[in-house]
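Structures for review follow.
In what follows, subunit A forms one complex with subunit B and a second complex with subunit C.
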Partner chain A sequence: MERRWTLYDPRLAWMLVAPVLLLLIFFLVLPIAVMAAYTFFTFVTAGVETSALTTANWHEFFTDSYYSGFLLKTLRVGAITALLCGVLGYFPAYFIWATTFKHKWLLLLLLIVPFWISFTIRTFSWINILGEQGVINVALPKLGIINEPLPMLYNEGAVILGMLHFLLPYMILNVYVSLEGIDRTLISAARSMGCTSAQAFREVTLPLSLPGLAAGLLLCFVLAAGSYVTPQLLGSGRDALFGNLIYDTIMGELNWPMGATLSIVLFVVLGFFAAIYTRYMGMSQIVKGLAG
Partner chain B sequence: MRGTRRKQEGRWAWRLTGFVTVCVYIFMFAPIVATVVLSFNASMFGGFPMTGFSLQWYSKLMTNEAVLAAFRTSLWIALVTAAVTTAIGVVTAFALVRFEFPGKQALSTLVILPALVPETILGVGLLVLIKAIDQPRTMLLLVLGHILLAVPYVVLITQARMVGIRRVYEEAALSLGASRLSSFREITLPLLIPAVVGGALLAFTISFDNTSASLFWRPAGVETMPTQILSMLKISISPEINALGTVMILVTVGIPLLGGLILQSLTRLKRRGEPKEEMK
Partner chain C sequence: MKLTNSKRLERLQDRYMNGGVSRRTFLTLTAAAAAAAGLDMPWMRQALAAVEQVRFDGWGGTVQDAIDKYAFQPYTAKTKIKVVQGTFGDEDEIITKIKTAKPGDYQVIHSSGVNYYIKYVNGGLTSEINEANIPNMVNVLQPMIEPFRKLTPKLSAVPYDYGTTGIAYNTKVISPEEAKQKGAALLLDKKYAGKVGGYDDMTTRVWYAALATGQDPNNIKDMDAIWAKVRETRDLAKKFWSSGAELMDLLSKGEIVVTDAWSGRVAALQDQGHPIGYLDPAGSYAWMEDMLILKGSPMAECEELINFMLDPATSIAVAEGQSYPPSLDPTKVKLTEKIEKLPAFDKTGTMKTLTFADPVYWATNEDAWTKQWNRISKGA
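Let's look at the complex of A and B:
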C-alpha cells in the first residue's frame, strides 16, 4: 500500500529537481573531485600519465616561480579590471536610476544587448578600433596628430580594455539592481534635514548601494581572472593569463596532471575570494545581479 | 549665495555623471558599429579606410562551407540546449520556490555555481573526468555541457518570477479537482511564460556564444561558430570575419528582440480580451 502524497511532498520535490541535480553532480561536482585527484597523478609523457600517487605536481607549482608569477599577474589584471569596472560602471548605473528620462527602459535594454552579442565578436571587434588598420590609427594620421600608427593592440592595456568592455554591463546591472532597492524617501528625508545632494549621496545612497557594487566587483574579478579568449585575441604571448596557461598545459603539452593542478589552484584562489565575499555579503546580491 | 553654489555643484556632478554614462555607452557600442560598417567595405583588408560599398564578403561567406557547417552545428546545439535547459530549469525553480525539502539551500547554491566558476575550470574538469573513465568527446557531452552552463540563468530567472506568483491560484485549482499536472499546465505555466521565454532565449544565446568551454569539449574535428571565428582569427582579421560577425549580431540580437516584441503584443492582446486583473 503506497502512502498518499501530501501537497508539498519532499519526495515530489526531489523528483522535480532530479534532472538538474544529476547534471550538477556528474558535470560539476564529480569533474572537480576527479580533477583534484588527478593533481596527484604522475606525468609520464605527453598524453600519458599513471595513477601512481605523487606530490611532484604540487611541488613543481610551489617551487617554480613561473607559475606563481602567472598567478600574481592574473590576480593583478583581474583586480585592475574589476576596480576600473567599479569606477566606470557606477556612473551609468546611478544615471539610469536617477534620470527622469522617459525611455529609461531603452538605456537598460542597451545594457542587455551586449549579452546577446557573441563574446568572441565583441572581443575581436576591438581590433577594428585599436589595430593598425583600426579607426584610431587611420583617423589620427589624417588629422595630422600622429605620424606613426600607435601600437595599441597586443599588450596588457588592450587585454584589460577588452575585459572592461565585456564586464561593464555586469557591473552596471549589479549596481543598478541595488540602487533600485533603495527606499527613495530616505534620500528626500536626508535632503529635507539639510543635506546637500553630495552629502545625501555620500551618506545615504552610496552606502546603501555598496552590496551591489561589491557583488559586481567580485563577479568582474572572478570572470576577468578566469578569462581565456580576451588575452588570446587582444594580448601578445606575454600577456597570457592563467586560463591560457591551463589551456596550453592541457591542449598543447598534454600534461594532464599539471593542467589539473593549475585548474584546482585557480578554483581554490577564486573560491577563496568568493568565500570572503559571501562571508560578509551573503549570496543573495549575486543572485539578484545574475537574474536581473 | 551659498545655496546657489551648492546647487551648481550638484548640477556639475549630474552633468559629469551624464557625460561618463554617454562615454560608457559609446565605449560599449563603438567597436560593434565599426565591425558592422567594415563588413560592407570593398577593400581586401579587414580595416579602415573604407574604399567603397560592397556585399561581396557576404556572398563569399555564403559559399564558405566550413562557416556554414559551424553555423548549423551551433544552431542545433543552441536549440537543443534552450529546449532542455528550459524544461529542467523551470521544474527545478518550481520545486525550489514551492517545496520545502532537506538540502534545498545547498541545491540553491550549487545551481548557480556553473555561472560563477570560470569556464576554463569547468572545461578542464569535464575533460579530466571523461579521460579518467576513458570515454571519447562526443556531441552529447558538448550539449550537456552547454546545458550545465545555461541552467543557472534559467533557474534564477524562473525563480524570480515564481516568487511573485501566489500559490493560492494553484491550490485553488487543486482543491477544485485539477490534477497536479493540469494545475501546473493551466495555472502556473501561463503565469510563468515571460520567464520561460526569457530563460529559453538566454539559454539559446549562452550556448550559441559559448567559446572557452566549447574549445575543451567539442569532439575532434567539430567547430562551433565561435571556435570557427577564433580559428579564422588566427590568420588575421579579414572583411569576411567582419561580415560573419555582423550576421551573428543580427541573429543573436534579432531573435530575443523579436521574441520580446511578440511576447509584448501577445500580453497586450490578452489584456484587451480579459477583464483587468492585478497580479500580485
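Let's look at the complex of A and C:
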C-alpha cells in the first residue's frame, strides 16, 4: 500500500519541530555543554584561564560550606516566594474567573499592564515606596503613627516583596487559565446534589485548578531561585541569592571556571526540582495548567 | 577632516597589525587600494572608507555626559566620525563583555587606571599606541604616565583625569567639624549604624580598613585586622553602592548619611544643591583614569579621538563638566580657577600629595582579596 502523508504523520511532525529543535540545540544545549566544559578549566588570574583540565572548581564547591549555605538559602527564599505567590495569587485569579463583570478582558489587561514597564524600573520603584524618604516613611510620621522611619528596604523582606511584585501575574494567569478549563456544569451538579458554595469549591473547583496552581508554583519557584536583579537592588549584601554569587564570581572576580561551576550547579538543582515535580505531578498536568 | 588614500592605508595597516582585520581582508583592501591608483571605482571608495564610527564605553552619568558634550560632539562635528557610546557600572563588567566579544567590537574604554590596566594586559586585550599620533600627550602629567609605561613600554592607554575616594557626609546630620575630627573613622562610628554606605569594591574597602588600622594601604602587614575592620563597616552599613548613580541616589535621598565616595560625583551633588560635605582624610585613596584603546580597534581614529580629547580647551571643558581634574600638567597648561578648586587637584604637577595604589602590590593580592571581600559583603 502506498504510504501517504497524513495530518499526524510523524515525518511531518519532525519537520515542523526541526527548526525549534535546532534552535534549542544551538542556543541552549550547546551553550550549557560549553559551560559544563568550562567548569574543568583552570583559573589563572582575574580574566585569565587555561584549558588545562582540573577538578579544583568542583572540589571547592563540594568542600566549601559557603556555597552550600547560599544554595539552601536561595531554595528557601524561592520556596517562600512561590508559596506566597500561590496564596496571594489564587484569590485574584478566582475572582477574575468567577466575576460576571461584562468586561472581564479589562481585568486580564490589568494583569499584563505591569509588563509594559521595564522590570528594572518596576523593581527600582520600591525604593521610592519603602525607602527612608519613600511614600510610607514620609506619610506615617506626618500622620503621627511612627516617630522613626521603618527599616523596610535592603533586607530579605524587601527582596521577597520585589519578587512577589514581579511573579504574581505569572501565578494569577496560570491559575486563571486552569480555572477557565473547568466545566462549570460540574459545579452546578455539585450544588444541585446539596453542596454548599464552600463545599463545591473544596470538592470540585480547587482540585480541578490544582494543575494551574502547581504550574504557577514551579514557575515562581524557579524564577525566584534564579533571581539576580531583585536582591541586588532591594537587598543588602547579606540578602544575596545564588545568582548574585554567580554574578560576583564571573563579573567581579573574573573567574569564569568557578562561575561556570556555580551556574551548572544552579541549573542542575533547579532542573532536579522540576524533574521531581514532574515525576509526582506529571508533566502533562503542568502543561495542561499552562495551556488551559 | 578629509583623509587621503595613503592615510587610509596607514590606518588599515595599523588595524591589521593590531588584529582588527583579518589577513585576507587586509590583502583584499590593499589590492583594491592599489588598483584604485588607476581605476577609481565607487565600490573601492566604500571599501577604503570603512571607519565611520568609534566605540567608547565609560562610567555613564554626569561624567560621561560631560565627555559627550565637550569632547565627542565637537569631535564628530569636526571629523564626521561618530562616537558610539556604552556605559558600565563596574569595570569588571566591561572586561567580561570584551572577553566575550571579538576584537574591535569594543574600542576605547574610560578605564580606572593602572590597577585595571594590568587586567587588560594579562588578558591580552591591549593595543600599542603610536604616540606620535597624539601630540597633545606632551601636556599630560609624566607622573601619571610612568606607572603605565612600567607595565607596558608601548602604551595602550593615556591618562585622562584623576580623583579621590574620600568621605562624603550629609551636613544636616554631621557637621564639618565632626567630619574633620573623625575623618575616615566616620565609617566606623556606631552612632551612624544603619546610615553608613560604601563602595562595593574590594580596593576601597581594604584601603579604608588599612587607614582605620593605621597600616600603609600599599604594604599591609596584618590582613586579619583588615578583614575585621571590613566586617565592622559591613555591619554598620545600610548598603554598599555599585555605581556612581546609586551613590548619588543614596546620598541625595538621605538613605545614608556617610560613605566613602568619588570626589567628582559629590561635587556634582553639591552643584545640584544637596547638603553634602566632602573631605579627603590623610592617606585618602587617589586614583587616575585613562582612555584605553583595545586590541583590534581602528588605531588611527582612536588616537585622533584621544588627541582631540587631550586638547587643552577640550580637556578643561570636560574636567569642569565632570568635576574631576584633568591629566594636564598645570605647570605647562594654564587651568581654570574652577578646576583648581576641585577636590584632589594637585597644583604642583608632581602628584606627590596624593596616595595612589601600588599597581604591582595590589595586582599580586587582587584575586584572593576580591574573593574574600565578596564573601564578607554577603555576611561571611
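The rule is short, and it goes like this: the second predicted complex is superposed on the first by the 256 of 292 C-alpha atoms of A that agree within 3 Å, B and C clash if a C-alpha of one lies under 4 Å from a C-alpha of the other, contacts with A are read in each partner's own complex, and residues count from 1 in each chain.
Keep this in mind: contacts are C-beta pairs under 8 Å (C-beta built on N, C-alpha and C of every residue); 3 or more make two chains touch, one makes a residue touch a chain.
Remember, it's a predicted structure, so these values are computed and weren't measured experimentally.
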Combined model on subunit A: subunit C and subunit B, fit or clash: clash
Subunit B versus subunit C as contact partner of A:133, first or second or both or neither: both
Subunit B versus subunit C as contact partner of A:280, first or second or both or neither: neither
Touching partner for A:250 - first (subunit B), second (subunit C), both, neither: both
Greater subunit A contact set [subunit C / subunit B]: B
Partner chain in contact with A:238 - subunit B first, subunit C second, else both or neither: second
Touching partner for A:66 - first (subunit B), second (subunit C), both, neither: second
First, second, both or neither for A:151, with subunit B first and subunit C second: second
First (subunit B), second (subunit C), both or neither touched by A:267: first
Listed stretches 223-231, 241-249 or 331-339 of subunit C, narrowed to the one that overlaps subunit B: 241-249
Subunit A residues contacted in one complex by subunit B, in the other by subunit C: 127, 131-133, 232, 250-251
In the complex with subunit A, residue positions of subunit B that touch it: 6, 9-10, 13-14, 16-18, 20-21, 24-25, 27-32, 34-35, 38, 45-49, 88-89, 91-92, 94-96, 98-102, 104, 107, 109-122, 124-129, 131-132, 144-145, 147-148, 151-153, 155-157, 159-160, 171, 174, 202, 205, 208-209, 211-212, 215-216, 225-226, 229-230, 233, 237, 241-242, 245, 248-249, 252-253, 256
Subunit C residues touching subunit A - in the complex, by the definition given at the top: 90, 92-93, 95-96, 99, 119, 122-123, 194, 200, 234, 237-240, 242, 249, 253-255, 366-367, 370-371, 374-375, 377-380
Residue ranges of subunit A touching subunit B (in the complex, touch as defined): 7-10, 12-14, 16-17, 19-21, 23-24, 27-32, 34-35, 38, 88-89, 91-92, 94-96, 98, 107, 110, 113-122, 124-129, 131-135, 138-139, 165, 168-169, 172, 196-198, 219, 222-223, 225-229, 232-233, 243, 246-247, 250-251, 256, 259-260, 263, 266-267, 270, 274, 283, 286-287, 290-291
Contact footprint of subunit C on subunit A as seen in their complex: 45-48, 66, 70, 127, 131-133, 151, 153-154, 232, 236-238, 240, 244-245, 248-255
